[in-house]
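What follows is chain A paired twice: with chain B in the first complex and chain C in the second.
Now for the complex of A and B:
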């Protein structure tokens, strides 16, 4: 069974997702020892060639899979600490990973997720067709998380985090990913049914609902991937120290007042994407 | 950003930094004590170590079924090898935990915590 990691990257004017994907892929390859493939689109590939990172990308990724750029576009406000900007992002084709992955067992991760340990290697052979991260784990603790970080709505089901998803390519998971696409296409109807906010399409919600349905509308206790340790986009990745630890600035009250900490040996979801790009050179040197 | 970082190093933030470092250290060790084998996932803790040792003591060391973290039955063909693996991982992880925790405890400033 061939196993590997897949990432999606569709660049926009604000965020260079491909550069983030290269960093994330290098770290994942180093710490998990498996190949990584990239799913992207023609305009992003064109940009990669113009900015001379296509060669680097070709070396890092086992394959660069080109697909149609998703037509649907979400716009959300993203923060860089206290600065904020409205940013379009393309996340509506995540379900196509089932068709596009070159692997039998795939670990799908976001480009802002840094694999800094080999912990996820324990899950390749788990007897479950699909594993999704069971929860969000804020680095500062539960004080900064709300009910809607753990549930899809005030009255809804438990929220899983599609930041990390592992699956075996088979008929069962084909149904799962088709169901995710069905939920995406009928997002408002499912929002009425499961009482979540339909303003922005979220893969976390679509995956949570699909899994809930696949398990017979029951809250199950099946296997899952570990909680996603995260820093928010109001925190900063500040630096990388000489030992390869990530130095981070955390805003306990999300108000622009910070305390400092360092991370080494924990997988980390860095939601402040601009702070990743500011440190891209040093991050490249980590892997 | 540098100015904000300088403020973040203020001693008044010591407990917050210490608390975050301790939390992430504990989670790192917890992850190292997660062991996937034969389709199951085991949490390596004192309970598992004792149970496995007891089974071997009772001469039940081949083709033993043990319930994993999800209470699923997992067949362990060679329990002695399994014991060696979990003992090795347990002692490696807890020693690392001890050493890193000692470094944290003796760091009396935010700068020292970041360098520990």
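Now for the complex of A and C:
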């Protein structure tokens, strides 16, 4: 069974997702020892060539899979500490990973997820067709985590985090990803049924709903991937020290007042994308 | 084995406990294995069930009116016609076969009282909004809605005798054992908990088990981020023609203690009756 990692990257004017993907892929290859493939679109590839990173990308990724750029576009406010900007993002084609992955067992991760340990290697042989991160784990503690980080709605189902997803390519997971696509296409209808906010399409919600339906509309205690340890986009990835630890400025109250912390050896979801790009050279050096 | 479920109700013009008991009995007949599906109804007035189409779902109907409202359950050990009994609240529905729980209790217990409940999402109830008295007075967290006992057990008799004394003398027992928080009414749950504490038998009658699993649909204990008077203000109840119940986005498989008495409508009864007729 061939196993590997897959990432999606569709650049926009604000965020260079491909550059983040290269960093994330290098770290994942180093710490998990498996190949990584990239799913992207023609315009992003064109930009990769223009900015001379296509060669690096070709070396890092086992394969660069070019697909149609998703037509649907979400716009969301992203923070860079206290600064904020409205940014479009393309996340509507995650379900296509089932068709596009070159692997039998695939770990799908976000480009802002840094694999800094080999913990995820424990899950390749777990007897479960699909594993999704069971929860969001804020680096500062649960007091910064809201109810809607744990549930899709006040009365609704548990929220899973599609930041990390592992699946085996088979008929069962084909149904799962087809269902994710069905939910995406009928997002407002499912929002009525599951009472979530439909303003922005979220893969976390679509994956959570699909899994809930696949498990017979009940709470299951089946295997899942570990919680996604995260820093918010109101925190900063500030530096990488000489020992390879990430130096983070955490805003405990999300108000621009920070405390410093170091983290190393733990996988980390860095939601402040601009701070990743500011530290891209040093992060490349980590791998 | 002479096992059965016991439902004790006191019905009147302004309530519908007889109908709730009928729905529960139908759901027991529809879901439990033969030998585990006997139902005895204790009711203050037999005429309250005369209009029901399928009173055969009650294997025993016992007319008894010495106590009113829920106080009748205090006499469950004296009223039951079975050697082994599970006494249930009337406002519950069975949704799958739970006979294997009974096998365990018959083999291992003289008396077992539920000590946990679950939300409609399958989470353990941890909120003590309705149980401040239990927390403040360090009472064991007992629920009388599913109580197993052996009829001729001296151990069970002693327990029921004491809880009857508590129900008869609520002020005296409250003053002595509920000093830190006195409930408005000493109900069966409080009486059970006090009796277990006084006799120091909690570890014997309510030790941790994975069952019975009962979904308790009171509004404030559903782990929601907002207050809720009733569950149905916030999520739907969907009872289908196969007798399956979904609450909100969750398919229910455990016993559902629905609390809101108007949830069992004539339509619900008709569905349950039709399933019962087809099965039998």
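In the analysis below, the second predicted complex is superposed on the first by the 287 of 287 C-alpha atoms of A that agree within 3 Å, B and C clash if a C-alpha of one lies under 4 Å from a C-alpha of the other, contacts with A are read in each partner's own complex, and residues count from 1 in each chain.
We adopt the following convention: a residue touches a chain if its C-beta (ideal position, glycine included) is under 8 Å from a C-beta of that chain, and two chains touch if they have at least 3 such contacts.
Just so it is clear, the structure is predicted and the values come from calculations on it, not from any experiment.
Q: For A:140, using the defined touch cut-off, is the partner it touches chain B, chain C, both, or neither? Pick first, second, both or neither.
A: first
Q: Scan A:212 for contacts with chain B and chain C and give back first, second, both or neither.
A: Only chain C is touched by A:212; chain B is not.
Q: Identify the partner contact of A:126: answer first if only chain B is touched, second if only chain C is, both if each is, neither if none is.
A: A:126 sits against chain B, while chain C stays out of touch.
Q: By residue count, is chain A touched more by chain B or by chain C?
A: Ranking chain B and chain C by residues of chain A touched puts B first.
Q: When the two structures are overlaid on chain A, which partner does A:244 contact: first (chain B), second (chain C), both, or neither?
A: Neither chain B nor chain C is touched by A:244.
Q: Would you sort A:193 into first (chain B), second (chain C), both or neither based on which partner it touches?
A: In the superposition, A:193 contacts chain C only.
Q: Using the superposition on chain A as set up above, list the residues of chain A that contact both chain B and chain C.
A: Touching chain B and chain C on chain A: no residues.
Q: Spell out the residues on chain C that touch chain A in their complex, using ranges where they run on.
A: 121-123, 222, 224-226, 234-235, 246, 248-251, 253
Q: Please output the residues of chain A touching chain B within their complex, sorted ascending.
A: Answer in residue numbers: 81, 117, 119, 121-127, 137, 139-141, 221-223, 226, 229, 236, 238, 241, 247, 249-250, 252, 256-263, 265-267.
Q: What part of chain A is in contact with chain C in the complex they form?
A: Chain A reaches chain C through residues 147, 154-158, 193-194, 212, 216-219.
Q: Would you mind writing out the residues of chain B in touch with chain A in their complex?
A: 1, 4-5, 7-9, 13, 16-17, 19-21, 23-24, 27-28, 31-32, 34-41, 70, 72, 110, 113-114
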